[in-house]
Each structure stands twice: as structure tokens, then as C-alpha cells.
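Pasting the structures in now, so scroll down.
You will see two complexes here that share subunit A, one where it goes with subunit B and one where it goes with subunit C.
Right, the complex of A and B next:
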């Protein structure tokens, strides 16, 4: 068997060769651009031989280890992805259309981000993608294109087909790694002969060229295993195929997946997961690799930033730290608005409470008010960690209190009452200035302390990692909440209160829990914000902020966790980054934006890009509500609710006919 | 006692303005069950349009028209502001609310918030971020009626408000269109079956409600003399409280609620420093919201509304 495998690998069959060409070119080009044009190689060289790194790049051991981990993760994940995609290809997607997709969705962002900065580059990408979708749909309608259904290709795989799949995966991994190694070798030889490659690195070049294909073989194997886990396999027939452990596990997998196939209401969504899916952007199998790459990028961003973007790392890290608090706020509001369906327009009140709790305790304010001796600042810094929880609990308590009067109200009235609270709380904080220092706000709030890290309001990197940890915890908590009994109770309340109450859901407790849980997360964000800003003042909290938080949830996708994260980042970029950057660009007379702004100022005197922020938000909210109410990344449930199903549902055969056999797709229509 | 009466009079004038805005809220809610967040901003646009019309008529901050010309200016400006706001209201309904008429309730609510944001920024772009002064063209004299002093502007405010409210009440009770509006508010489908053009009636409702807000903007500018792009939000919220207090969906209730809220607001200025820091005046928004919350908790149908059971 293994000799057969080797032959097949080195001289793949003709159709496999076509697949290999298709996928290797598709993946190699972006990876090569990243490595050679956007300093991927620079990172590797800095790790291997720190002395040859450029002047502004970090060379301390911790940074080197972090860079090494990132590079290893990145390249290994890409090789496995190559193997997976080659294995998962079902031939429904042409080579050229795939390459066009890679061009638009992978290469274009790389180039734009490299040349015009991360945020504006991504914003430009989004605009171009929207135009591309529109144009593509238009062209497709004109040519009467029908997308291939996932279901017809749902087939059972017998042992030989599984072997072919595994062979393809191994071939994909191996040949991708080899091709990449060869390209890199050639590039490095060119560098060497033009003198830009230090000779010490030659040894590394040779090692790498030999190591990559070997790694490719094993990673391809791993990819094959991952791809096979996502397929259906035949019942073990009576004789068995040499009944051993692998057969056992395949039998177990296939039964579970067969049940999923036969669940008629979810067949179309599940089909995406069941078949090896070769639409690379939507394949949920490939999506886990994209997630790994994204998490690695985000986690190691402070190290990579000098390589990728040059100067200004600190400013960028600080602004991402700020963006993080929006994410947590969006997650919290998602619980109230998204899961439980209680439209909360006063969410900023809980955020303010969280800020003021840590603000008062973490500074001399409380000790001034109570007339006790101030606590030593070092101890005060350590108090941040328990107070993170404390502020969250206080905010949750107030959430319950403020939610209590609203229990009997319907959607619109609830919105107004919460809006009222959102107005009252900042007024209270402003006017009770014996305790809260009124308009001046609290100053001198301590930053947190951690072992061995020098931490103050001007060091952005520790705050960046802190907010990442908080976001990870919040996402975990949210997912667990959503999938728990409480989460289902919230969804039941959202859909129909009376029916939920009739089914035994305790309305009062569940709603109060929703308010409390939502307020909890905003308390966490509040404490973080007070520490990062070093102070808390009532000017930071207004109804405008509540609207922004609501916009985050709505734009991202009500009730969907990845959706609100994306929504928070989008809204934050529009709010703080894009408009401000457009303004700075427009004040530079040599820039294109300068002319645009001058032209507009002739008509509207008061115009600056910062001024039209609310206008943009308003237009976006109205447009999204009319055209895409489920948001950018909708939760699956929401998409079913808010859109009448306009696409043809796949026909499914009667429920005791196995998929793949002839009579399968004839009778039952899926609603 | 004299102080109390004086406060009452002050409350009446502010209450009249609140009542006009509250009527718009209550009419829209009665007919399509939507809280029109943008209504307060229509009021703000009304003030801006009034200033613009004054400018067109050549009235600066220092000119003093007299006699018939003064009356003509007032009438033209008032009608102009009402018309402009009415058109704006109809356009908003057509663009932002009608496509969402069959969506779950959260969609038009968020759309309304979006429209409110747009209008605020339009105001900001149009007239900038500073306070804009209103031409003080109405002769402002104080008249003493026994223990209380009332200014002529206040009388004008109350007179205009009362005229408009009477006209509205007449229209709703005695004309065909008014009857159609009440029918659509009661049961939209049955009204359609009876031959009422529901879309047109809803548009007319928005037209009238926004016109009233425009008139409110005009008299607000005359009384307070200055305006800025964010007054719509706060005043709108207080007016909404008034509508809820009186019983939302009920026109007389909105008028009553408006006056009551005006009086309560003026009474809150009497609260001394010892009870609330900085005196009651700084807390008046908080007091109004506290009232709103209390009404919604204890009597959600408002003073004049009927308690309707929620049907499954």
C-alpha cells in the first residue's frame, strides 16, 4: 500500500496534477507576496540571525521567540491548508475563477494594506469587494448562472476513494512545500548574488530547502486526516474491510453525520460541513485554518508591527487597545439586544458605572471621600485584578436594578426607558460631585500591575495583551451562555414571550439575568478603560455612545458573536480611525483628498470628514435595516428569520434512502 | 402663591411647545406603532428653516417690522416652516419607514435612530456647531395680570399652539380624512377593506405631525431666541414623555401631557439645593425621565389611555 502511495505521490494522476497546479498557484502567490514583498522573509532572517536585522527591529530573546512561533505557525498552517484544499476539491470550481477570487480576496488586501496602511487599506478593500460582489452578481444574472448545489456532490466514500483523497492531500502538501522551497531558494540565490543576503544565512537556505518538502509530506498527511474527518463514509459492509480500529471510527463518524444529513431542516447548512468543500472562502474546513492564521497574527501583532508597517507601532497598539473595549461592549450588548431581544439604548450607563468603580477605588478619590488614609499605590495597582471582577459585579447589580422596572414593557417602551436611564446615570455622576468630582472627573487612576511588566498609561503593549485576554474570555463566556439553557431561554423570550412563559421560562428571572449579564461585560470594559485612560469623566458617556454601541451590534449582525466583533471593529475604525485619517490626509495639499475636501467646502462651509460621522452612521443604519437587516455576519438563525428563502431549496429524497444512492433526491421538498 | 402661579404660567408656555411636538409622536405611534425618534430633529430643522425664511424675507437680527408687515412675516414664516417640515416628514416616512413596515419591530426603530443621526448632522453641517440666534422680531413686553407677569411672546406661543390644536382636533373628528386616520389607527387591515388608502393616510399623518413640529420650532425660536443642532434630541425626549404621560395614541392626552410636563419642569426649579445638589433645575431631565419610568411601570396606558390586553 505504501509503495503504491509513493508512486502516486511523485507521479500524480492527471486529474490530481490539474488540481495541484490550480491550488498551488492559488496559494503560492499570496504567500510569496507576503514572504518577499512584505517582509515575511525579513522576519525569518531576523529570527535566524539577529545580528543582520535592520535598525528599528526588535532583537531581544522574547521578541525573537515570539516571531519564531508566529512564522512557524504561519507557514505550517499554510502548507496544511494547501493539502486540505487539494483533497477537498470536488471539481466544481474552475481554475481561472479560483485564481480571480484569490486575486481579489487575498492579493488585493495585501497590496492595499502594505501601501496605504492597515485601516484605510482594509476600508478600501471593503469598498472594492462590495463593488466586485455587485458586478459579479450582475454578470451572473446576465449569463443565467446557477451555482452548483452542494448536495448532489454529497457522496459516500468507500475505502478506495478515501485513499485517493489521502493521496491528494499528501501530494498537495508535498508539492506545495516543494514548490515554495524552490521559489524561495531561487529568490535567495538572487539575493545572494546581488549581495543583499548575508553569507551566514546560506546554511539556513540549504537546510530549509531540504526540510520543507519533508515537512510538506507529513503536513499533507495531517491535512488528509482532517479532510477525511469531514466526509461521509459508507457503512462497514458485512464482511468489513479488515475490521480494525479505523473502520470502527469511520462507522461512528458516518452515523452521526448521516443523522445530520437526514435532519431535513438543516440539510443545506450542514451540507456545507459534510462535503469537502472547495469554495475556499466558505469552506468551513478551511475556515479553521484561516482562524488559526488570524489568531496568530493578532496575538503576535506587537512583534510583527515594526516589520510590517515601520514606525508608529505604539500609536497603533494604543488604538487597537481602545478598539478592544468596543469589542467587549458589543459582546455585552449582544447579550441584551441579540440574545434576549431587549432593545437597550442606555448601555453607556453601565459602562460609566464600571469606569467610575475602578476610577474611585483605583485612585485617591474614595479615600478622600471617606477620609481615610490613602492606600500605597503599588498595592492599589494589584487591586485592579479583583476589582475587574468587582466593577463587573457592581455594574451587573445596577443592570438588574435598572432592568427591574422594564420587565413588563414591550420593545419600543423598553427602548425609551433604557434611553432614559442612559441619560440619568451620567447626570447623576455629574451632579453628585461630592463623590465623583463632577465635571473634572477622577484623575490619577492606577494602571494594573503584573509580574515583571512595567505598566503605565503610556505603555500600549501590556494593555493590548490584556484586552486580548479579556476578549478571549468574553467570547468564551458568550459562546457558553448562548449554548446553555439560559441562552435558549433568552432566544425563546426574544421570539415570543407568551409562548416562552407557557413553556416554563421564568420571564422575570431570565430578563433580569440578561440585563445583569450584559452589564457585567460593560463593567469589565469600564474598568479596563478607566485604567487605560487613567481617569474617568462624565464627558465620555453620552447617548451618542449608546447609539454607537447599538450600531456595532446591528451592523455586525444581531445575535451573532463573530458578527458583533466584526461590527465593533468596523464601527471603531469608522468612528476613530478612518475619518480622522481622512482629515489628516485632506490637510496635506499634495494629496488627492485635499481637492475633494476643498470642492465640498465650497458648497458646505462647515464640512470636515470628522463632522459627518453621525451622518455616515445614520445612513449606514438606515441602509442596513432596509437591505440587510441581519447584519454583516448573520447568525444562522437570524438569517432564516429575516429573509424569506428566495433560493431554491435542494430537493431531498425520502428519509430512509441513503444519500448517494439513485433514489435520493426525488421526493421531499425542504422548506 | 404668586410664585406658584407664575411658575404655572411659565410651565404653560413650555408645555404648549411640548404639546405640539408630543402630538406628532402620538399620531405616528397611534397609526403605525413606531416611536419616531427623528421627530425631535424635525422640530430642530423647523427652527433652522424659520431662520432661513427670515433671512429670505430680509429680516435680520436687528430689524423691527411693524404692523401688518409683522403679521405677514410671522404667518409666512410659520407656514413655511410647517410646510418644509411636513415635506421632510413625508420623505422620511417614504424612504426609511415604509420599506420596513412588515419587518420585526426592532428594524424601523433602528432606522428611526439612523434618521435622527442624519438629521442632526445635516443641522450641524447647515448651521455649524455654535448657537444660532433667532431674530427677535416680536415686540417683547411684559404684561401684568394681577400677581403674574406674562410676556407677549408667551401669549403668542400659547395662542398659536391652541389654534393648531383646535384645528387638529376638528380635523380628526369632523373630516373624512380624520375619520380615515382614526380607522387606520384602530385596525389597519379593516380600514383597507373599507376602501381607505392606507399608504396615503399614513403619509398624511406624518405630514400633519411634522407640520406641527415645524410650528413648534417656529414658536420655540421666537420665545427662546436661539437654537442649535442638538436641541431636537432632548426636547423630543421630553415631548415623548409627555405623550406617554397623556396616553400614547390619544390626541387630547398628548396635549394634556405636554402641559403637565411643562408645569412639572417649572415646579422642579423650586427644589432647593439641600435636596438635590445644584438645585432642581440641573436635574430637570432626570426628573422628567423618572416620571416616564414611573408612568410606564405603574400605568403604561397613561392618564387618558385605555389598558388594552395583549392578545396572543
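Right, the complex of A and C next:
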């Protein structure tokens, strides 16, 4: 089997050294920038020695513990990642192109976010990345460069080669941690001699410098274990010719054959998961680390917020809490539109229903209407938790009610009916003023209650964690539904109703369940919204909102769970953060946007960005859809579909005949 | 009495009339046009029955009437003596009839495995709570379903098993037909309806298809009703043949009887054709019916 391996795999020490240099530089630079230029050092110092931290940093013990956990998690994950990448790399990709990528995709965002704010910075990154991709393709075309196919590095590893991988992983972890410790030591010594480092921190500096390499060694081992789990292993090597070995080799060959009969793209996809690898940064092993880092960041964000943006109104926590409800809405709509393929233009109706359910119950509205004594607000607050489920169930019930008349319809007709429902619900809420307080809406809606937590409006953290928990539950439910017999039935209906029905899928129940499940999540988001806003008003639920939700799903990637989450955040950021902020930014004379606006005002007097906000939003959406028709993170299904649609001729079937000819009848009817 | 699932179908079934499927006086009008008129058909357990006829003769309409996609204007369809009238397609599947389509209707954006799993939809019992929280019963059921899907695919040899995680759109035409049959088998049918299982296949693939249609009957104890254009195929595998023309059944009987039936020859070749010419015609391999 080892003949399959190129000599490159059996790396001599020199190659390992090259790999080490490659990855240590690639990872160390962004980590160092985070630590020394941005907030990392500040956070560490705040934890180690609270007295020496900067003026606007939290000093309470809970915040410090949280920061400590975050920072430890961050560095440990990066060290393991370093070991993993050194082990997982096949070594075929050049250092310079890797460093260029790290520069563009890690350093650039760091600098931009530091200097011009998180959202605007990331938006600028997206533009630069697009330009970079375009330029890279241009250069590659000009040089007739095609990226090498990943298959050649798909080797089978025997025990010896696995040991080499393990060695490389340990070396990676150890040397990365050592290099980082030395850089940090030097930096701290410089700080010390320039007087900006208090002497009591020197003990910590010594401990850290000794501790990091040791931790690096063990974390490297861990990285090796993780990498080896993703190898294509050959348990029996050349000299083992027993029955076991032949059995083993047939299995392996079938795997190889399997890969080879697949298309080139699919091979690359498969190869992405195996170690060694040409694109280790994109392997699923590495992606797991990004996920860990992302979860850690999101989880500890409230404590990091002041480090990143400052206190009070400068903080972004509240607006991220708002963005969360869009994520839930997009996840819910994704079930209806993405999985079951039922176009729903009235999704806002269920959000409104969820909102009013908690609005009515969580305020004095319902008790006034019923003419009974109001419930004690302290008890009422606690009712939020059962009513969160209650609101979701009521919304789901209405989802099924809406679903029932639309079952015979599809495509455009379905969209019109749902559109009607979306218009009816807010009007009903408006006109039932005896119960819903009409145009004035409901005020004084209770916020939730939980042991020892202050839910007032100036502390956005509880709402942030609440929405985070709700999002986590929604994602969990979405994934479980998608991978179940129900999810398969939804996708089957989306693909071909007649074939689905002929495979035993009950179209009525399955579609109604999709409407119900979609509306359920909408109801959850609605109840959360009413509680956070402290009220409910019929103005909040317009057709525009339904369209925005749909845009989130489509832009993110129809049917893709990570896609719609990103889609929701992107659309929210563009619409509510970037475009809404342009005028504020332009009024600051030090900002770049100030000059942009002054230039335009010369031509068009009285110009503000607010006037063209919707125009800009529309343009952004159009541009995204032109360049990523399948969405930002498409599901594999959808990607394949769009790629293949140009190759497949449309099929005429016995059930797709023209009206008027024999055999014409409405397609599967459901009664 | 209920339809026996595949595994149990080997035991003697005891339908009232000795028939598994019984069509009596089935008529279907589309507007003023009679697509199917007064068709009677009886299929006994473990039979392979073919429906042939020129294009537009109403063969696929008969399939759609049996499987509940269309409802007959008049007449009755009975499975094991129980009427299928008024049932939706999924209820017909539950009663034990599954089908394939003339123009393959696989779920193109699903993998081979997922397609076959959808076919087992009626066999899976997971409820909402179970599938959300992965109760042991659901985990077990899902694992069994996958195992069963592999078994169904391996009925057609190891190639499909190896490609189970592929999107079906990447498969060859013949492989797609096999996946479609595997999907139809997932519901443990007693009666399998195959709509032109060899359409668009070359000679080798057609022979393969003939072989596995026989094996479906012999090894899985299935009863098979098929529509077929290639006369050689039909003659080779059918126990009985029914001929449709302009929505009416013009002949039914053993292959040899049908082959020499004058009405059939007329329907296929027009009035001027002689009986001898048609016999030659029918024996030519892979001869397609006049379009």
C-alpha cells in the first residue's frame, strides 16, 4: 500500500520544518495582532490583575471568570488547531499563497473591525474578499493555473505514516505554543521596560512562558488524535497477508473506487474530510475548531462587548439581541420554503400572532377585556416561560389553519393566498380594538422573570442569552426535523409531489405540519419580541417584513440551516446596522463617509443616505443574487441543483400534458 | 383482511375471488374524452401481467387509476377484495401497491439512500417527540431503515450500494430505474406496478431488467403489473398480457394468444397488415411499438 504514497508524505524532518514554519507564521500573526494590538492583552491583564486593567473594563468577579474562560478557550483552541493543521497538511500548497490567504481572510478583517467597527468592517471585508477572488481568478486564468485536484494526496496510511502524522501534530502544537510564548515574553519585556507593564504581572509572565510549551505538547497530541481520526487508515500493511488483510484491502479499494467514479467536485468534497489534505484550513476537522471558536465568541460576547466597542450606548449587545429573532424567523421560514418548497409570503402573520399572544397575556390587556382582577406582575413575569410555548403553539395552530386552504395550490397561487393571510392578520389585530387596543397597540407587556436576573432595558445581556438559547433550540429542532423521516418527506414533496405521494407520503399531513412547524418558530420569536419591546403594535407587521424574512432565507441559501442563519444576520446587518448608520457616520467629520456625503451634496442639495436607503438595500440584494444565486452558504442539494439545471433538459411526463389533450387533469388532488 | 407484506407474501394469500387486484368496468373520462373505458382486469398473486398497447391507449392512465392519482369516473378497483376507490396515493401505498413511473420520477436532489428511505416512509413510525429527541426506538428504526435500504439496493448488485451517498442525478438511466424500483420496494408492497421498466435502455440493460423483474417475483414473492413497449420483453416475461387500444381492452390472454390475435395486430400495425407479418414483427428483438 505504501507505493500509493508519494515520497512527499513520508516527510523527512526538513519538510516537517517547512510545514512548521508555514503554519506557525500563518497562525501566529493573527493571534499576535489580536493579543497585542487589540484587546487580548487587555483581557488577560484584566483577569490576572484587575487593578491594572484599563479604565473602562469590568472588574466584577463573574465577568473576570467569564473572560478567563474565553481567553483560555481561545488560546487552547488555536494551539490544537496549529497541531492539527501541521499534521493534516499534505504540504503541496505553497507558503506564500497560504500567507496571502491568512492576510486577506484573518488579518484584514481584524484590522478593519478594529478601526472602523465590527459591522462596517466586516462589510468592507466582504467587498475586499470579492475583489480578491476576482483578482485571483483573473491572475490564475492569465497564468493558465488550475488548482491541483485533491485526489493525489488521498493516500492510505500505515502505522509508520500515522506515527509520522502524530509526530508532526505534536511538533506543531509544541512549536506554535513555544513561539507564541517567546513572542509574548519579548513583548511583555518591552512593555515592562517602557513602564507600561506593572511589575506584579512579571510573575505571571514567567509562569506563562513556562506553561505554554508544556500545554502545547499535550494539545499537540490531542490535535494528532483528532487528525488521525480523519485518516484513511491501512490497519494491515504490506507484509500482513492474512485473511484479515484481504478483507481490509477490499474495503479500502471499494472506498477508492467509490471516490474515483465520482465527479471531480465530489472527489474534492470527499477529500476535504481526509487527512493528509491539500486544503487543511477547509477540512471538516479544522472547521470544527472554527465552530468552537465561534461558539466561544458568541457565548462570551456580552463580556467582550465593552472590550470591543466600549460601554453603554457604544455597545452592540442590544442590537445583536434583536438580530437573534430574525435568525429564529429565518429558521422557521426555512422549514416552509426551504424544506417543503411552499412559498410563503405572509410569514409575518404568525410572528404577529406570537407577539400578540404574549402581549395580551403578559400585560393587563387580557384581564381588562375579561373584566377580571389583574394578575400580580411578579407572577405574570414567570408566566412568560409557559406562554413562550403557548404563543408558539397558537401560531402553529394558525399555521395549520392557513395551510388547509392552500393545500390544493402551489407556486404562484400558494404565494398569493399566504400573502392574503399576511395582510389579514395585522388588519384583524388593528380592527379588533376592543380586545387588542387597535392602533395604539398593547403597552406594558411584562419582561420575563428568572432567578436573580435583572431584565430591565438597560441590561441587554439577559435578552442576549435568552435569544441565544432560543436560537440553539431552534437550530437543534431544525436539524433533527431535517434529518428525520419527516424532513425527507418535506424535501420529497418539494422535489416531486406525485412521486412523494406514490412513495406513501401523506401530502396533507406533511404539508400542514410544515406550515405548523414554520409558524411555531415564528410564534417563539413573536413572544420574545413582545417581551423585549414591552409592547405590541400592529404597525410592526407589514408585508415588507415578510419579504425581508424571505430575502434572508433566499440570500442565506434555501434549505441550508447555516445558510439561513448567516442570511438573517447579513440582511439584518445591511438593513438595520449599515444602511441605518450611514447618516450618523456621515455626520462625523473625521469619518470617510462624511466626505462621500459632502461630495454628493454638492451635486444633489439636501442629500441624505436615509433617502436612498431602500435603493441601496435593493442594489445589495440584487448584487448578492447575481454573484451567489444559490445563496451565501448553499445546501449541497441546492448547489447541485443549480449547477445541474443547465445540463438537464426539462422532462415531459404523462402527468405534465397540455390542457385539452387526453390525460389532462389537475395534478394530484388532495381531499 | 390486509395485504401481506413482502416477507410474508410467500404464505398462501386467501383473497376472496382468488385475485389480488381486480379492476371491474373501470372508466375514466377527461372532459368528454374517454381515456379508459370499461376495463376489466384480474391479477392473481405472484403473476406477472403486462399491459401493452399503442401510445395514448390509456395504459398509464390505468396505473394512475389504480394508484389513486386519478379517480375512476365509474367502475371499481379492488385489492384483496377491498375497494381502493377514494383512497389517496399514499393510502394506496399503505394498502400494498407501489409503482414506478414511465419518465423516472426520482427525487433528483436527494441521494440514492434518501430516495430509498423516502420509499420506506409508510414503514417508519417515528413521532414528533421521538424524532426530536432521538428516543432509542427512533434511532433503532432509522438504523434498520438504512440497513433495509442497503439490502434493497443490493438486490440489483453491489454498484448501487457503493453509490448510495450519490445524488441520483449522477446515475445512469438504467441505475435510476433500479433506484426507483428499490424505492417502490421500500413500502413492502404486495403488488408492484412498473411503467415501462426498460424504456430508454440498450439491449444489455434490457436483458438485465428482464432478469430482475423475474427475480422480483421469484425471490420477493411480488405480483407485478407492468406496462411495456418492447414486445420481445413482454412476450418473454409475462404470464398474461392485456392489450389496450383507445382506452378499451381489446384482448387478454397468454403471450402466444395475444401475439396472434387479429385485433391486436390491427391496433399495432393498421388494418392492412397480415398476421404473418405481425408475427415476424413481434419476434424481432427490441421492436418498439408503432409510435
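A few remarks follow.
Note that in this section the second predicted complex is superposed on the first by the 552 of 671 C-alpha atoms of A that agree within 3 Å, B and C clash if a C-alpha of one lies under 4 Å from a C-alpha of the other, contacts with A are read in each partner's own complex, and residues count from 1 in each chain.
Criterion: a contact is a pair of C-beta atoms (placed from the backbone, for glycine too) under 8 Å apart; a residue touches a chain by one contact, two chains touch by 3 or more.
Here the structure is a predicted model, which is why all the values come from computation and not from measurement.
Of the two partner chains placed around the shared chain by superposition, subunit B and subunit C are both touched by A:498. Of the two partner chains placed by the overlay, neither subunit B nor subunit C lies in contact with A:137. Of the two partner chains placed by the overlay, only subunit C lies in contact with A:506; subunit B stays clear of it. By the document's definition of touching, of the two partners only subunit B reaches A:618; subunit C does not. Contacts of A:411 after superposition: subunit B is touched, whereas subunit C is not reached. Contacts of A:485 after superposition: subunit C is touched, whereas subunit B is not reached. Shared contact residues on subunit A (touching subunit B in one structure, subunit C in the other): 498, 641.
Only residues 30-31, 33, 35, 56, 60-61, 64, 67, 69-70, 88-91, 93-94, 98-99, 101-103, 105-110, 114, 117-119, 121-122, 124, 126, 128, 131-134, 138, 142, 145, 162-163, 166-167, 169-170, 183-184, 186-187 of subunit C touch subunit A when the two sit together in their complex. Of all residues in subunit B, only 29, 33-35, 95-96, 99-100, 103-111, 113-122, 124-129, 233, 237, 240, 244, 276-278, 282-283, 285-286, 289-290, 292-293, 296-297, 300, 310, 312 touch subunit A in the complex they form.
Residues of subunit A that touch subunit B in their complex: 337, 341, 343, 345, 405-406, 408-413, 415-417, 419-421, 423-424, 427-428, 431-434, 498, 543, 547, 550, 554, 558, 604-607, 611-615, 617-622, 625-626, 629, 641-642. Touching subunit C in their complex are the following residues of subunit A: 254, 257-258, 261-263, 266, 477, 480-481, 484-486, 488-489, 491-492, 495-496, 498-508, 637-638, 640-641, 644, 648, 651-655, 660, 662-665, 668, 670-671.
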